[in-house]
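Order of writing sets the labels: A, B, C, D, E and F. Residues in every chain begin at 1.
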Amino acid sequence: MTTHVRVLTPVTSTQIRSDADIEALQGPDLIVSHDLNDIGPPSIESRFDEAFAIPGLLTKGMAAEREGVDAIVIDCMADPGLNALREAVNIPVLGPLETCVHLAAMMGTQFSIITVLESVRPMFEDLVRSYGVADRLASIRVITVPVLELFGDEERVQALLIREAKLAVEEDGASVLILGCTGFYGCADAMSAALEAGGNQIPVLDPIPVTVQFAAAMARAGVSHSKRTYARPSPKEMPGFNLPKD
Amino acid sequence: MTTHVRVLTPVTSTQIRSDADIEALQGPDLIVSHDLNDIGPPSIESRFDEAFAIPGLLTKGMAAEREGVDAIVIDCMADPGLNALREAVNIPVLGPLETCVHLAAMMGTQFSIITVLESVRPMFEDLVRSYGVADRLASIRVITVPVLELFGDEERVQALLIREAKLAVEEDGASVLILGCTGFYGCADAMSAALEAGGNQIPVLDPIPVTVQFAAAMARAGVSHSKRTYARPSPKEMPGFNLPKD
Amino acid sequence: MTTHVRVLTPVTSTQIRSDADIEALQGPDLIVSHDLNDIGPPSIESRFDEAFAIPGLLTKGMAAEREGVDAIVIDCMADPGLNALREAVNIPVLGPLETCVHLAAMMGTQFSIITVLESVRPMFEDLVRSYGVADRLASIRVITVPVLELFGDEERVQALLIREAKLAVEEDGASVLILGCTGFYGCADAMSAALEAGGNQIPVLDPIPVTVQFAAAMARAGVSHSKRTYARPSPKEMPGFNLPKD
Amino acid sequence: MTTHVRVLTPVTSTQIRSDADIEALQGPDLIVSHDLNDIGPPSIESRFDEAFAIPGLLTKGMAAEREGVDAIVIDCMADPGLNALREAVNIPVLGPLETCVHLAAMMGTQFSIITVLESVRPMFEDLVRSYGVADRLASIRVITVPVLELFGDEERVQALLIREAKLAVEEDGASVLILGCTGFYGCADAMSAALEAGGNQIPVLDPIPVTVQFAAAMARAGVSHSKRTYARPSPKEMPGFNLPKD
Amino acid sequence: MTTHVRVLTPVTSTQIRSDADIEALQGPDLIVSHDLNDIGPPSIESRFDEAFAIPGLLTKGMAAEREGVDAIVIDCMADPGLNALREAVNIPVLGPLETCVHLAAMMGTQFSIITVLESVRPMFEDLVRSYGVADRLASIRVITVPVLELFGDEERVQALLIREAKLAVEEDGASVLILGCTGFYGCADAMSAALEAGGNQIPVLDPIPVTVQFAAAMARAGVSHSKRTYARPSPKEMPGFNLPKD
Amino acid sequence: MTTHVRVLTPVTSTQIRSDADIEALQGPDLIVSHDLNDIGPPSIESRFDEAFAIPGLLTKGMAAEREGVDAIVIDCMADPGLNALREAVNIPVLGPLETCVHLAAMMGTQFSIITVLESVRPMFEDLVRSYGVADRLASIRVITVPVLELFGDEERVQALLIREAKLAVEEDGASVLILGCTGFYGCADAMSAALEAGGNQIPVLDPIPVTVQFAAAMARAGVSHSKRTYARPSPKEMPGFNLPKD
């Protein structure tokens, strides 16, 4: 039986996720499809941006369940709308940050997150605390490049990621690294290699490939989030929004 | 110098907050004004509802700052949009849950929250944990009445609140109580009196009056949230939303 | 590319894991094989039993890596030898307790573990604390049946599990349940169904099927534990034990 | 209705709190009065000093309630006698450290405390832990000036505070600062300005002005500490002390 | 070499500690001596009482060091003046609560404290949290007898202690018990025996005998508290108190 | 009455513990005896080594109880087999790490552990967390000398320990130090002296002398671990091991 995972990119910019990215995630028994937000910000770099991204994402997520997909992966490391979407659907919904921090907590003592901008640090600190793994966080490091500037100078981004990875390992004591923006897709291998060249065998988690595999694992194991924690919301009028009728 | 606090009700139902409620909050040196959401759900009883309430609230909050108010109180115990609005403005923004749980932690060993519906329990558990005071939470108790049914049978609501208050004190060990819905405005005194009649001198926090006083205190002390934690978001196009231009 | 997961049962009794159990775990792209301990106790019901199970398990785990398997699942909810085996090999090693408690922490607010005997409660309490998720543990409940008596009267075991599951949900507030002994394999569905009949939509994690899926996911995503946390041990003479030479 | 807050300085030195300090705290609706300890140490720089300051403070605090004041602020960042005085009276009693750390926890991710001497660091660490906000403490920094030497060379003190403030922000990651001695009264604005000149918009809490505002807010909101946590002590003979009779 | 431990009773009532109590603590190599407070309350049942007990205790503790004793045990489960006395002297100072909760944390998963009155519960909760072992506290139970009424009807006190001990074990899950008042001296054995008769092999810590042994162990091992944490206070005038001159 | 403490060295190398070491621990009322592992690794530098050391240690520990010793001290800072041996016997069993970290938590705010190799850091981090005192750990520092190379160049080891001790105090903020390998026996005094020469009065815990004193204190106070937490294991066949029959 084939498993179908939908990757939902919660922004309106088409730059962030290519067809090639998605195709690379497919497997013999695994279909991976993709959808993009129609309303909201082009990129998420603050909780303000996030607030405007969530309504559109929820609509897309509910549509995915109706289409029959088996699990949903939110394509943003701020895990926008994770709890709200779990209320709205029964199929597993995975946030890449939540998935990676729990996996990292199993893989080593301390993890570091390497992300785009200083302004998202407090958002990550809050999320890591609310996921209950704050005592495993070695550090959050930033490369100081806005999301939409990641594309076009991949070489520079890769070099900056390697520099921060080395500092996270050597100065902050990280034993596992997490890429802190889904726009860094594909950069993990070069980082691992660079660390290994320096004598450190440190896993680097590339959130979307990892989270897609775990979404498929949940679907295949037949488990999803608890409806006691994520009760289905009562239907309500929502003036100003076009919500699909059940 | 007069202090001006704006109470922002993040829902579209006009039932929840009356002019009389707001007038009662005024003081000789304190102006309290009120505004209501134009878009989003009529009441907030899930994280799904909350997601559709926040965009409108942010627009209203930014407008309040431009009008010159000194501080903003979000009129919902889920503290919707608290972090995002702090990014968008410089004046103090207070959530009644965050304010009350920190105040309760100063007033006694353990507090209980009494709220409307079982479905909001996980939302409160998450928030209390993320505010860092989870070890002070004695219990969350519910009266099992939806928000929009609170109005019309106030006597029954008051009786249910008193019943749960007694249980929170006698069975859960609460030394402070917090009303867990801003729709319970005005119910605290009868609860305190009933508890005192039973031999327990237990403070009951009525979130909106308490939070308006603390908002005024912050404004008068000249302090506001840190712009290091709540950096101002870069301006972006937000297709699907009408955001005011700065 | 096919993924090969080895299930290692760390006890010497052949009763606990059947060929049928293992076959049911296979998938189109997933080979699951099985091995059993040669030395040590017939069942693990104490830390004392565990101590005698680990040396044999380590030998079997090192052999599995040399055979070319892609990941190892330890078939016991005490996760015996988890850290030591991760030191000895490079492929992912998963303990079912560690995997399930992190997954449960993502699926709901609070989880309960239902296990065999009162005597293993402190072992689970220690492990849950050391995995960093103690604040998510609603309760540990026991059916008071020793491991080797699970087999033969499956109906009674199933009934006892359903009784404790209902109590965990109704009295302890669990939103997710974890089967606390790998000898309960196959009992989850009837528990879920019984809970649903009582109006509670609560996921029940069957540890071996879940952990095998997550082991395959780690192998497919190309990630394993950190060698900074789990450094390879220096080779030493071990009088009294027959360790394979590298 | 006017609110009356009593500031109680728990030491016998008259140098620490001037009439001008107190007058500056008054407001149209706010009377602030002041009292000083008759017995005990001239300054508090250790838990030993504190122990001799508390008996006199308690006598003064009980007298304040009998005089009809609405709330009491203890004028020392060690919050001496906070719990004992709350037992002895019904009106709100606020410690500036407890108030500021909870407020700081609401205003930003991490706060630093800048205080007088290395010897008080463990006292602050204990208090911050016992207030439940230890995970928000970025650092404690000291200027290495004893309390009674603060007065006379204010310029040097101000310069030292600015130096440590910059280090707390740049090296320790603080997003909010707290003045760690009530003898630093009035120094916050210059620190904020210096930080802003360096590009950091970081609030600095001046404990006495902030705590007086919050004491007035509690009195106006009609709330005080729980008598379940702070039960009134049974009257006892206290040989060696002159306690007022009720 | 003989070790000399001083037991300091921090109250002015002579009822609480008899010569026979002290003699029973002696050993072939262990001298135990005793002293009593001259000023302060006859018993400690609140933080208010405690505040008036500490100044006299500090004077007595400093005198003990000058006399040449090797270690000091504070004879009250509120550990009054523990930190302040450690500042004032170099020899080990032990509080029975701190000692017993750390020992209990080593002896079993969860401990309960059985004490005199409901009014001291918050004091114990604060202390256990500040000692860092709050997650090991199963419960605090009270027999509702004031300290000075313990003496005269020992049989009734013993029966009440046994009743609460059974409840702590059977309902609260305690695996270790701590007597929560040093006035319960001598009651542990009958409690252990009663629990064992009911099938529970649960250790009961009698704080003074246990703490005297640990004080002697520290003295014999040649270790004492850190002067970095407990710096010696600068000498100061203390109007109202007669402090010995060094 | 004389107390008899058995020191059990859990490795097969005879280098680590000399007769002179043991004799120095004796006292007028204290017999200290010694035993060594017959099977397992010559030294413990990983969890892999530890796994092969525990079965032999358990056999030796059970034999000690049958011989009539009063308490057992495990002679390795990894506390190997601590929980399993407590299940197997009724007399007190002490691990030097558990004992020292709890004692250090009573002696000062923050402690550092100085140990042999980087590879044991995660083992210590796990243990300190599982003992519940992780928030008191200032740092773990290593001298990068394998256990069996400690003997022969004691002067170099002593110098390296002093260097790391100074760094732990000056850079990491430690107020108490713990020797992190029982092979460092006898090195504490020179470290204390060197720190004092630098102006820091910091206690250094030498684990075996300290733990032997505390084992004797537990035996003399008549207390041992809880059989609720450490239930006696059911007797089982253990193919591959020669366990004594009861």
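Just so it is clear, a contact is a pair of C-beta atoms (placed from the backbone, for glycine too) under 8 Å apart; a residue touches a chain by one contact, two chains touch by 3 or more.
In this text, all values refer to a predicted model and were calculated from it rather than measured experimentally.
Undergrad: Determine the set of chains touching subunit A that also touch subunit D.
TA: Chains in contact with subunit A as well as subunit D: B, F.
Undergrad: Which neighbours does subunit B have in common with subunit E?
TA: Chains touching both subunit B and subunit E: C, D.
Undergrad: Taking each chain's centre as the mean of its CA atoms, which one is farthest from the centre of subunit D?
TA: The chain farthest from subunit D, judged by C-alpha centres, is C.
Undergrad: Report back the single chain whose CA centre is most distant from the CA centre of subunit E.
TA: Here the answer is chain A, farthest from subunit E.
Undergrad: In terms of residue numbering, is the interface formed by subunit A and subunit C classified as same (over half shared) or different (under half shared)?
TA: On the two sides of the subunit C and subunit A interface, the residue numbers are mostly the same, over half being shared.
Undergrad: With respect to inter-chain C-beta contacts, which pair, B-C or D-E, contains the greater number?
TA: Here the pair linked by more C-beta pairs in contact is D-E.
Undergrad: Distance between subunit C and subunit E based on Cα centroids, please, to the nearest Å.
TA: 44
Undergrad: Between subunit A and subunit E, what distance separates the C-alpha centroids? Give it in angstrom.
TA: Inter-chain centre distance comes to 53 Å.
Undergrad: Enumerate the residues of subunit A that touch no fewer than two other chains.
TA: 108-109, 122, 126, 129, 132, 135, 175, 228-230
Undergrad: Can you name every chain pair that touches?
TA: After working through each pair, the chains in contact turn out to be A-B, A-C, A-D, A-F, B-C, B-D, B-E, C-E, C-F, D-E, D-F, E-F.
Undergrad: Which residues of subunit E touch subunit C in the complex?
TA: 108-109, 135, 175
Undergrad: Applying the document's contact rule, which stretches of subunit B touch subunit D when the two form their complex?
TA: My answer: residues 27-29, 94, 98-99, 102-103, 105-109, 131-133, 135-136, 169, 175-176, 200-203, 205, 209-210, 213-214, 216-218, 220-221, 223-230.
Undergrad: Would you mind writing out the residues of subunit B in touch with subunit C in their complex?
TA: Answer in residue numbers: 122, 125-126, 129, 134.
Undergrad: Taking the touch rule as given, give the residues of subunit C at its contact with subunit F in the complex, in rising order.
TA: Spelled out, the residues of subunit C in touch with subunit F are 12, 38-43, 45-52, 54-56, 58, 81, 83-84, 87-88, 118-119, 122-123, 126, 129-130, 132, 146, 228-231, 233-234, 236-241.
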